[in-house]
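Each chain gets a letter, A, B, C, D, E and F, in the order it is written, and its residues are counted from 1.
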Amino acid sequence: MEQPEQQGERYERGLKALQHLSGETDPTVVTSLADIAPDLGRFIVEFGYGEVHTRPGLEPRDRQLVTLGALAALGNAAPQLRFHINGALNAGCTRAEVVEALTQIAVYAGFPAAINALQHAKAVFAERDAEA
Amino acid sequence: MEQPEQQGERYERGLKALQHLSGETDPTVVTSLADIAPDLGRFIVEFGYGEVHTRPGLEPRDRQLVTLGALAALGNAAPQLRFHINGALNAGCTRAEVVEALTQIAVYAGFPAAINALQHAKAVFAERDAEA
Amino acid sequence: MEQPEQQGERYERGLKALQHLSGETDPTVVTSLADIAPDLGRFIVEFGYGEVHTRPGLEPRDRQLVTLGALAALGNAAPQLRFHINGALNAGCTRAEVVEALTQIAVYAGFPAAINALQHAKAVFAERDAEA
Amino acid sequence: MEQPEQQGERYERGLKALQHLSGETDPTVVTSLADIAPDLGRFIVEFGYGEVHTRPGLEPRDRQLVTLGALAALGNAAPQLRFHINGALNAGCTRAEVVEALTQIAVYAGFPAAINALQHAKAVFAERDAEA
Amino acid sequence: MEQPEQQGERYERGLKALQHLSGETDPTVVTSLADIAPDLGRFIVEFGYGEVHTRPGLEPRDRQLVTLGALAALGNAAPQLRFHINGALNAGCTRAEVVEALTQIAVYAGFPAAINALQHAKAVFAERDAEA
Amino acid sequence: MEQPEQQGERYERGLKALQHLSGETDPTVVTSLADIAPDLGRFIVEFGYGEVHTRPGLEPRDRQLVTLGALAALGNAAPQLRFHINGALNAGCTRAEVVEALTQIAVYAGFPAAINALQHAKAVFAERDAEA
């Protein structure tokens, strides 16, 4: 079992990871929950990022590949899929690799899941081009 | 568009990739379908492996991470999840990385999906130990 | 087995329950199906409400908690989730309890399911505030 | 809206349809629920079969194709998939057509869903051969 | 195993089937992927239509019933469900049969899945009326 | 934001809640992960129970109703569904209420999900009778 640490440390570590992955200073996922379920926003930072994403056993880029696989296969979480397509690019995946990963979803979750995921990738790429 | 090729080439290329990933000379997924739906077995080899898995744009190890994410999140395809846990190890993932990848599923598809995926990992690791 | 009853009784009882849960005199779910699949609308009233929701063994508020759990976890039925967030409030849940219930979905179906469900809750609460 | 009818008529009509589809005099789905949730068993007969399956607008064989598509794609309801593979054969589908239908699931829900569905078909065909 | 054939033959055969099913000369599913994942578009034509949909063992209309069952039950692929509602009509289903098939989904995947699928059917029917 | 606390407090609080819900001194979910993914076991205790389940805004019994709804609707997490059927009874639900809650799943996720959930309830009730 890890050494006890202050809860604040988890939040700080998670926020930093989330900022890095998203490129956002004030991550939208947290602000969008602030007036409805702020504790869920906190759990995402502390647990999702502070405890899981920042574990040393898997590279950030690898974690994004796992996440793209999960979200594209589930096919019911469009905002999060877009977020993590962006995150995968920020974590070092090329656009071609993201396209490859999502194309592969056709084999495991069917063509509709892959097609819809790639339409989200198209939108994310266009947003990034517009911002560049 | 790729150059036309003989269908036999796709099958050969796919079979080789499937044999390499599974460590099986006669892949079980093909033999288990032989007397009920041999063409589905052929599609898996020709399309799943001959066309998708062998594309150059993503490393085999990366493809396995995407696949683990997809199958663990769906949570309804135990034989395939076990197959690809094994495949991930054969493609260069360490056991610790597989555990990390499946643990992360808790964030995206819930704890039950992660717990059940890790029980499959435990079984696959034990089988490999027994064979070694 | 229950005593036989006229089909019309089931419809009347179900409509009353649906009106009460939704606060609508002409429930939208029925009117929205009227010109495409009126019998599905009838089944919802007769079976979903007239036979299931009005059974005595579980309080209406409890039934809404089960339904919120189901719809938030499935994550693919936004209109129905919104309807039942509203229904939960009409059946006696506080807003804080709805938020608590949907937050808990993160544990069982992952953070994306919980986040998206809570965005729907935010929208429903805003609509109710606007109507008030 | 249809004419009111006695609830007993729905049960009788549904039971007859269920018996015909399953080839069972005492359908297992009803008996297996008798000591835990007999009313769910009754709903299956009255609503599922008495109201939906016996509607005139779609042939029994066509209904089974829709059902095979739904259950194979969901991939989480093995007993019901086996039941309806059997039902499809009893409703006039050939074994080859069942195999074709389930193979097609690979396109819409991925190869694992199709592979697992076809293993169930293999088991159902073997049971029927053993009984013959 | 089928005779080897040139890959181009698969594409031609698949495109023809897809054109026939969709009524589109340049199928949208292919053009919408052209600038993001053209190979996925090619796989849909070659594999989905050239290899699966054009197999002789099941009538096009029957294949559409299976597909409607799968997509309506999954409930997370709205564009594809609309496409195949249209395809079912082009393959010989009547509107009443499509409504019947989607209504039946309530039994196997719940009322929300059926309601949402029928709203898509309503939209597709309206588009066809507007085009007529 | 809550006051920072030592991580150990979360674990202790969570373990106590998990012990109470399960009736197990050494909860199986933790011990079953000990040799494969002990940190996932720790996350379940610290986060799932120490942070979510023990929040004051919803009664334990209510949380179990939400969880039963989620797990029965997902239909792909049998061990967890059995665990939480047991937990619901330990948290104050009667058997009749559990049956009612799972029966209601037929409306939102289809009859197969409800039937399979109730077979799990039957098994859990029998285990409890055997232990009594």
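Odds and ends about this structure:
Simple rule for what comes next: contacts are C-beta pairs under 8 Å (C-beta built on N, C-alpha and C of every residue); 3 or more make two chains touch, one makes a residue touch a chain.
Being a predicted model, the structure only gives us computed values, none of them experimental.
Look at the contact of chain A with chain D and you find the same residues on each copy: over half of the numbers used there are shared.
When the contact pairs of B-C are matched by residue number against A-D, A-E or C-E, over half are shared only with A-D. If each chain is reduced to the centroid of its CA atoms, chain D and chain E end up 23 Å from each other. Averaged C-alpha coordinates put the centre of chain E at 40 Å from the centre of chain F.
As a whole-number value, the distance joining the C-alpha centres of chain B and chain F reads 31 Å.
Contacts with at least two other chains are made by residues 39, 43, 47-48, 52, 55, 71, 73-77, 80, 99, 103, 106-113 of chain D. Across the complex, chain A is touched by residues 74-76, 99, 102-103, 106, 110-116, 118-119, 121-122, 125 of chain C. Of all the residues in chain D, the ones that touch chain F in their complex are 29, 32-33, 35-37, 39-40, 43-44, 48, 71, 74-77, 79-80. Contact residues on chain C toward chain B in their complex (touch as defined above): 73, 106-113. Residues of chain B touching chain E in their complex: 1-2, 4-8, 38-39, 42-43, 47, 51-52, 55. Residues of chain D that touch chain E in their complex: 47-48, 52-53, 55, 57-58, 62-63, 65-74, 77, 80, 96-97, 99-101, 103-109.
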